[in-house]
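For clarity, chains are labelled A, B, C and D in written order, and residue numbers in each chain start from 1.
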């Protein structure tokens, strides 16, 4: 494929926007073209939050809300269970052969939903990102990192080396964001004694999730596996 | 290529701005004659000939040279005075731009809000704007084109005026001297001033004293 | 146009500033740089940042004297970032106004006093400020406002929508519409130069689509920050600077010409025409700095899409998708809405059989403007357009074209 | 600095309309002793105006222009109303922009002049009617005070909208029957001087223009304090004789009546303690300067 369009659905405060920026920055480091943007809503804690990443081998022009994604990352079960989502059902618009990764420890979809996704050849990966974040990162605030790792592990859309670089860039210097994001950054920094520690923990989380994603892909062979090798 | 020409009026109830008719301003080193871009020297010679051929050639000096607010302004004022004397031409100031109350005296001043009073009253057939701020010059030039048959020329310190029938731009002392020299040269070659005899109006503060004080 | 501007060799003619080469008044690490060098020759390095950060980087190099801020989504980040520049000493003054009407009036006051002024606004804020915009233009104040457009209608929407640009069209301001972060950076810096030319000397609205540009990370090429625009020279203004330092003394800005006896309404009318004329005069400087007012790709094709802002971006992707299905489509991007490139558009579209105008607003005003300058304007399809902040997926644009051609559509584009 | 620029080009001097020749020769720019007493002796900074015959606003304008401490370095900001018909005739740079935004425009202007001329005291003075100051522009008036903007706000209070034909305004007295107040105004005159005091003005005065000495002193105080401390506010009663049904000659009586004990415009002045001290010092300096000047003049006469 020439282009991967990624939609991230989560709740305010989970770092869905940060995750999108990180993914785009990493893709940029890989020499790909990328664009990331949030859904432009009022940023409130625990309210629906959505962000979008486009990665391609040609210059990307289109922007805005991604209605027809290849990959959907669901950062929080409530996106599905309480329909905290800008699009309902959460998978609406997903393209043929797409992939959905859901942060959950139990299957949240009905049989009908599974059937519908299957008819489009869409794979579903239930991945317990929050538990991993707590285990490796030491805080559930690293859930977004775990989700990024899993997505990267399955698809290989960005390299771990670039992800490392993007993390350094994002957390290593004064970052410009909305007030809410800045406050969250401070909260994360407080969790860790040092900035380096924060980056390392995040990287560890991503690394672990990356491996788990890779293993899952090996086992389930989703259509998007290996899509990181975008081709013309 | 616009086929619009910036020629003397009376053109219309409300004449269009020449720029909206596709007339562009000259680049540095150029001027325009009736909207046609020409080298500066050609515009200067055309201006000199227009002046000499006029019955009531008139220069309208504006605030930027009437006031000695910097040295260059005072020098330009002297250049304009010299030009007026050599032509000869009337000098009628545009001292400011306010809507004047209660009335202007069209013999001795021109106001951008109603310039035609002065043009009509003095039967001015060729005029030159110099030292008038560009915005007010354009207002007046457009109104003159609308209601009179006066040939308008603008010596502009900035980018020139497409609403004048002729313009030169980036005008400084030397440009004014060049125009004066050109007038002298043409006169030496035998081109005669067609100006009707007149006396330059002069104000003095004495003129204004009420009779009982004199 | 009686004299074509050489767009290949983009040289700005007739610009002069005696302070080029001097250290900046505000930041001694910066040097006043000839715009021709800054825009054409200075080496650039790529950066990956949000549109708000791009606005900051442009203002860092713009040598503004003063900026006034007021929070409204989505321009707040940019306005706050300019505050950071102030704290770092990049400008003379910066403060938060009480509301947009106040902000634009404060900008006017500073510009009357001879300062280079920049501000930002969006959506309902633009409308609240509105009385000021035609006043700026009539007073010939070269203020720059960056409008990060969003919905203005009730029910309230903070999402991207270009309706407010429609309202701005007849204010007498220059209206440029940035498609990308790079456009935004270039337009802001180049906008100051064009707006301040003595024969133009008008306010300029550099518009961009909120969020799509302001909150989207994109690549932008930046010249070194040691370069900064030369300062504004208020004594080159076509009207008198209000500082009691210039002739003449008895001078009001800008006087009522009504009610004084014998002053005719001709002055009022000519004044308005002069503002329109000044917009026209901006063409040659604009072309010298940002190239032709429109950008064309494959206009020999029978189907052409034409638009401005990110509608063009969406169209580009739609054209790629249509290309995959073997449907060739050309593209025209409009960079300036005022002056409106009517001759250029008529020329570019002269052979097109079908013309699509994707727009992010309910009015479809760009389609109206285009129809007004084209012969056989039944060729124009006024759409697709969305409104209220809806996204406009490229797939939807592609389907619109297919529908018009009587082809099968993807069937993906229904919403709900 | 700018006084040097008020000079006519020698080569064109004899063409300049005499009102300008007079102004350059006879006006009081740069004269430290300028004040209302110059009226009638020196060239005034105001030409003919288009106000109604006998309008107290016209005399208020003349007192104010005659009393400015430094007209050569002053810029006015006006607003829509009767005053905006006078301003084109005033020989001090002045701005008319919209209706009600005068204090916002002045905020930007003052800051710009401060940036451009850090070493020169450029006075900005707002002069607007009561509709502009209190009704449509109240937000901008007060916010400029909250921000501590360093300029003087003058309100010509004629207690109604005069320019549009006598409609109710916020500064109109309660019970007054006017256009748009067909059964009489239902609420009290807005207490703007008190509001000004509470909103950060360092010097506030409320008076009529019946006493030129007082107008001069108040204006000078307000401008000097604005330079040093921050916002200052002057409210001047300039009755609209036309709309309150008086004759041209009755303006002065109307003002005198209203400033008598119990009237709406009994002279009020408020200043902070710091300002009181500052003005006392300024007065002393002024006295010494005048004394010295007198002495020098005497010596010169002797010589």
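Here, contacts are C-beta pairs under 8 Å (C-beta built on N, C-alpha and C of every residue); 3 or more make two chains touch, one makes a residue touch a chain.
Everything quoted here is computed from the prediction, not taken from an experiment.
Chemist: Tell me, which chains sit next to both chain B and chain D?
Modeler: C
Chemist: Just grab the chain with the largest centre-to-centre distance to chain B, centres being mean Cα coordinates.
Modeler: Most distant chain from chain B: A.
Chemist: Measuring centre to centre with CA averages, how many angstrom lie between chain C and chain D?
Modeler: The mean C-alpha positions of chain C and chain D differ by 40 Å.
Chemist: From the C-alpha centre of chain A to that of chain D, how far is it in Å?
Modeler: Centre separation, chain A to chain D: 64 Å.
Chemist: Can you give the whole-Å distance between the Cα centres of chain A and chain B?
Modeler: Taking the average C-alpha coordinate of chain A and of chain B, the gap between them is 70 Å.
Chemist: Would you mind pulling out the distance in Å between where the CA atoms of chain B average out and where those of chain C do?
Modeler: 36
Chemist: Which chain C residues reach two or more other chains?
Modeler: Expected reply: 240, 246-252, 255-256, 260.
Chemist: If a residue has to touch 2 or more other chains to count, which residues of chain A qualify?
Modeler: none
Chemist: Using the touch definition from the top, which residues of chain B touch two or more other chains?
Modeler: In chain B, residues 66-67, 69, 73, 95, 98-99, 101-102 touch at least two other chains, as defined above.
Chemist: What's the contact topology between the chains, one of line, ring, star, complete, other?
Modeler: Topology of the interface graph: other, matching no listed pattern.
Chemist: Applying the document's contact rule, which stretches of chain C touch chain B when the two form their complex?
Modeler: Interface residues on the chain C side: 1-3, 13-14, 140, 197-199, 201, 236-240, 246-252, 255-257, 260-264, 266-267, 269-271, 273-274, 276-278, 280-281, 283-284.
Chemist: So in the complex, which bits of chain D are touching chain B?
Modeler: It comes out as residues 5-12, 14-18, 20-22, 25, 47-50, 88-89.
Chemist: Residue numbers of chain B touching chain C in their complex, please.
Modeler: 1-2, 14, 16-20, 22-25, 27-28, 35-37, 63-64, 66-67, 69, 73, 95-103, 112-114, 117, 133-136, 138-139, 142-143, 146-147, 158-160, 162-163, 169-170
Chemist: Considering only the defined contacts, which chain D positions touch chain C in the complex?
Modeler: Spelled out, the residues of chain D in touch with chain C are 1-2, 5-6, 20, 23, 47, 50, 72-75, 77, 84-85, 87-98, 101, 104-117, 122, 139-140, 143, 147.
Chemist: Help me check something: in the complex, which residues belonging to chain C touch chain A?
Modeler: 48, 50, 52-53, 56, 73-74, 77, 81, 158-160, 180, 210-213, 215-219, 310, 312-314, 316-318, 320, 389, 391-395, 412, 415
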